[in-house]
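One structure follows; several queries about it will come next.
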Amino acid sequence: MYEKEDQGVLLELKKVSHFFDQRLVFRDISLKLKKGSVLILAGPNGAGKTTLINIMSGLISPASGSVLARVPCEKRAFLGHYTFNYPGLSALENLRFWAGIYGLSKSEEDLTDLLVLVGLKGFVHEKARTYSRGMAQRLSLARVLMLDPELMFLDEPATGMDARSREMLREQIRSARQRGAGIVWVSHTLEEDLNQADMVLYLQNKKAAFMGPATEFRTEVLEAAQ
Amino acid sequence: MNVNNSITLSPAGALALAGGLSLALAQYFIWIYAPVEATMGLVQKIFYLHLPVAWWGLICFFIVFCASIGFLLRRSPGMDQLAVSAAEIGLLYSTLALATGSLWARVSWNTWWTWDPRLSTALIMWFIYAGYLVLRQSIENRRKMRMVAAVLGVVAFLNVPLVFLSARMWRSIHPAVFAAEEGGLEPEMLITVIVCVAALGLLTAGLLLFRFRQRNMQDRVRDLYIQ
Amino acid sequence: MRIKALDLMAKDLRLVFSDGAGIVQPVLLGLILVFVFSLSTPVGEEVSAQAAAAIFWLATSFAVILVFNTLYSLEGANQARIGLLLAPIPVQYIWIGKALSGLVLLLAAQLFFLPAIVVFLGQDEMHSWPAALGSIMLVNWGLVAVGSLLGAMSQGHSARDSLLSVVVFPLLVPVLLAGISMGAYFFGDGSGEDLGGWLGLVLAFNALFTGAALLLFPFIYGEY
């Protein structure tokens, strides 16, 4: 029974609480993220969404509770406000560097194909410092796709993107999900993104005010509030 | 209004009181019990302040080292507060040790400063721990500041033997002008030194505890304010 | 099997040399120091070998501060630091990568300092070049071990150059004294210094700070 329930679980949080100094950020967050599902983290500003996704990705260790990721480190990817691009390197050099750090042997054609896929054809050898915000974010997306992640963490990835880039991002999220990746997504355009989500975790008053299927969240929380 | 007149003495207060009383007692030993040194005269009495502050200063820096390790292992803010309190007192004491040492050198060796390994080590440690306190003031992210300060607290103390060794080797280029600082101490002088070290030890413990509690309270007030 | 720390170094060097400021600044500052110091002696008088060695290592110390600030601020531009922390590499690799890049940049700067000292301070005799270079390399190792450990701490701080120098210089005293003594030996006639003793001291310093850095670096850099 227990084992069956845990099948396909990529990430599990058990009673996670976190403090900054003595100040409580949130407490007792528990959840399971399964293969091929999208979890949206939502909540008012300052509710600790970014802190929670940082804990989930392993960047911060929680003050108490445990985070269990059943995906090896090199198959996890993070896409946030920050692009991790080096401005002094070209798009291709950026990708090549991260491929090396992740121990991937990618040919120049592979990397160029990826850059074409995210719409950076013609900018492959341009230094990243000349990129617009949207282009930089697409380069960051190419880095994430290169890792072929089984677990993706998206922290408001659409910030500063134009409509076309945003559409591309959604499409890539859809296809990653179809491949069976688990996705944690902090979104500030909740209404727009909700139809892509399987689960929603709503942080409010330092705890999980709602944790359940996205459809229920729509009827129970959003429509009730209106 | 109901005023509570009973005086309760905290451990810090008790230690400070004991330290004050025993320092007063130590004055008797310094001025009356111990004989006046033949060549240097009264100025030699500086020694009874110089040696205790130098020793307790070093011990304070050792406390910084231990508390910093404790903080890195357990991440408890208390350890950090202990480390910074000890660093402050250690810095104060090494300032006093340097000043009194310099006075001593003027009278004894006719120079304010000389490249003596102990003197130089004290000065370099003074720089390191002054830097430690400046660093704590300068980094705004408190979690990061504590972590960096703890790392510095560890490496600073590990460095001390090397600083001393290098200072000693450095001097060997120049002829050793001065003989060892304290040769044969008179037994009365030795007892006086021991009394002074013990008395200052009590005061140091009191000061440290007091500063530690003060910092602790400051942090608690700060957290209340933020919440 | 790739050595990922070398990937980090290659990336850093490419970034630093692509705009050049990261290396030009320490070189210029060092040259200015050497030049100004040449004014400290009256015309016609020789600068002692020890003074020349001291100014060489002083210029190098300032280069350490500037170089490691540059190297760590490279990770700050788009928070690539977080990307590195999330990547499947031990955090210590970052310390190694930065230390290696720092070593290369330091050597590049010293390539300018040495001739400047010959020209401005009149040190045209060198007692045993290979041994002198060996001693410079050993002292450099100690400098970059400390620089790479503490260079990370001031990232994102506005007055980071001055803050870093206040903290780092006193820590470097043993290895700088060793460097100056050994430099005096090699610039001079090769006598009067306990070369073996200083060598032992430098090795002890390097071992101590390399070990300490491997243990402690994650605390400084891993803190999000």
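Which chain is which? They are A, B and C, in the order written, and residues in each are numbered from 1.
In the analysis below, a residue touches a chain if its C-beta (ideal position, glycine included) is under 8 Å from a C-beta of that chain, and two chains touch if they have at least 3 such contacts.
A quick note: this is a predicted structure, and the numbers were derived from the prediction, not measured.
Colleague: May I ask you to sort the chain touch graph into line, ring, star, complete or other?
Modeller: complete
Colleague: Work out the mean Cα position per chain and let me know which chain is farthest from subunit B.
Modeller: The most remote chain is A.
Colleague: Would you mind checking which chain's mean C-alpha position lies nearest the centre of all protein C-alpha atoms?
Modeller: Of all chains shown, the one whose C-alpha centroid lies nearest the global centroid is C.
Colleague: Roughly how far is subunit A from subunit B, going centre to centre by Cα mean, in whole Å?
Modeller: 51
Colleague: Distance-wise, how many Å sit between the C-alpha centres of subunit B and subunit C, to the nearest whole number?
Modeller: Their C-alpha centroids are separated by 32 Å.
Colleague: Which integer distance in Å separates the CA centroid of subunit A from that of subunit C?
Modeller: So the centroids are 39 Å from each other.
Colleague: Among the residues of subunit B, which are close enough to touch at least two other chains?
Modeller: Where subunit B meets two or more other chains at a single residue, that happens at 143.
Colleague: Which of the residues in subunit C end up touching subunit B in this complex?
Modeller: Listed in rising order, the residues are 146, 149-150, 153-154, 157, 159, 163, 166-167, 169-171, 173-174, 177-178, 181, 192-194, 197-198, 201, 204-205, 208-209, 212, 216, 219-220, 223.
Colleague: Show me the residue ranges of subunit A that touch subunit C in the complex, using the header's touch definition.
Modeller: 54, 57-60, 72-74, 76, 78, 80, 82-89, 93, 97-98, 100-103, 127, 136
Colleague: So in the complex, the part of subunit C that touches subunit A is made up of which residues?
Modeller: Counting only subunit C, the residues touching subunit A are 2, 4, 7-8, 11, 14-15, 18-19, 74, 77-80, 82-89, 224.
Colleague: Across the complex, what residues on subunit A touch subunit B?
Modeller: 20-23
Colleague: For subunit B, which residues are in contact with subunit C within the complex?
Modeller: Touching subunit C from subunit B are residues 72, 124-125, 127-128, 130-132, 134-135, 138-139, 143-144, 147-148, 150-152, 154-156, 158-159, 162-163, 165-167, 169-170, 172-173.
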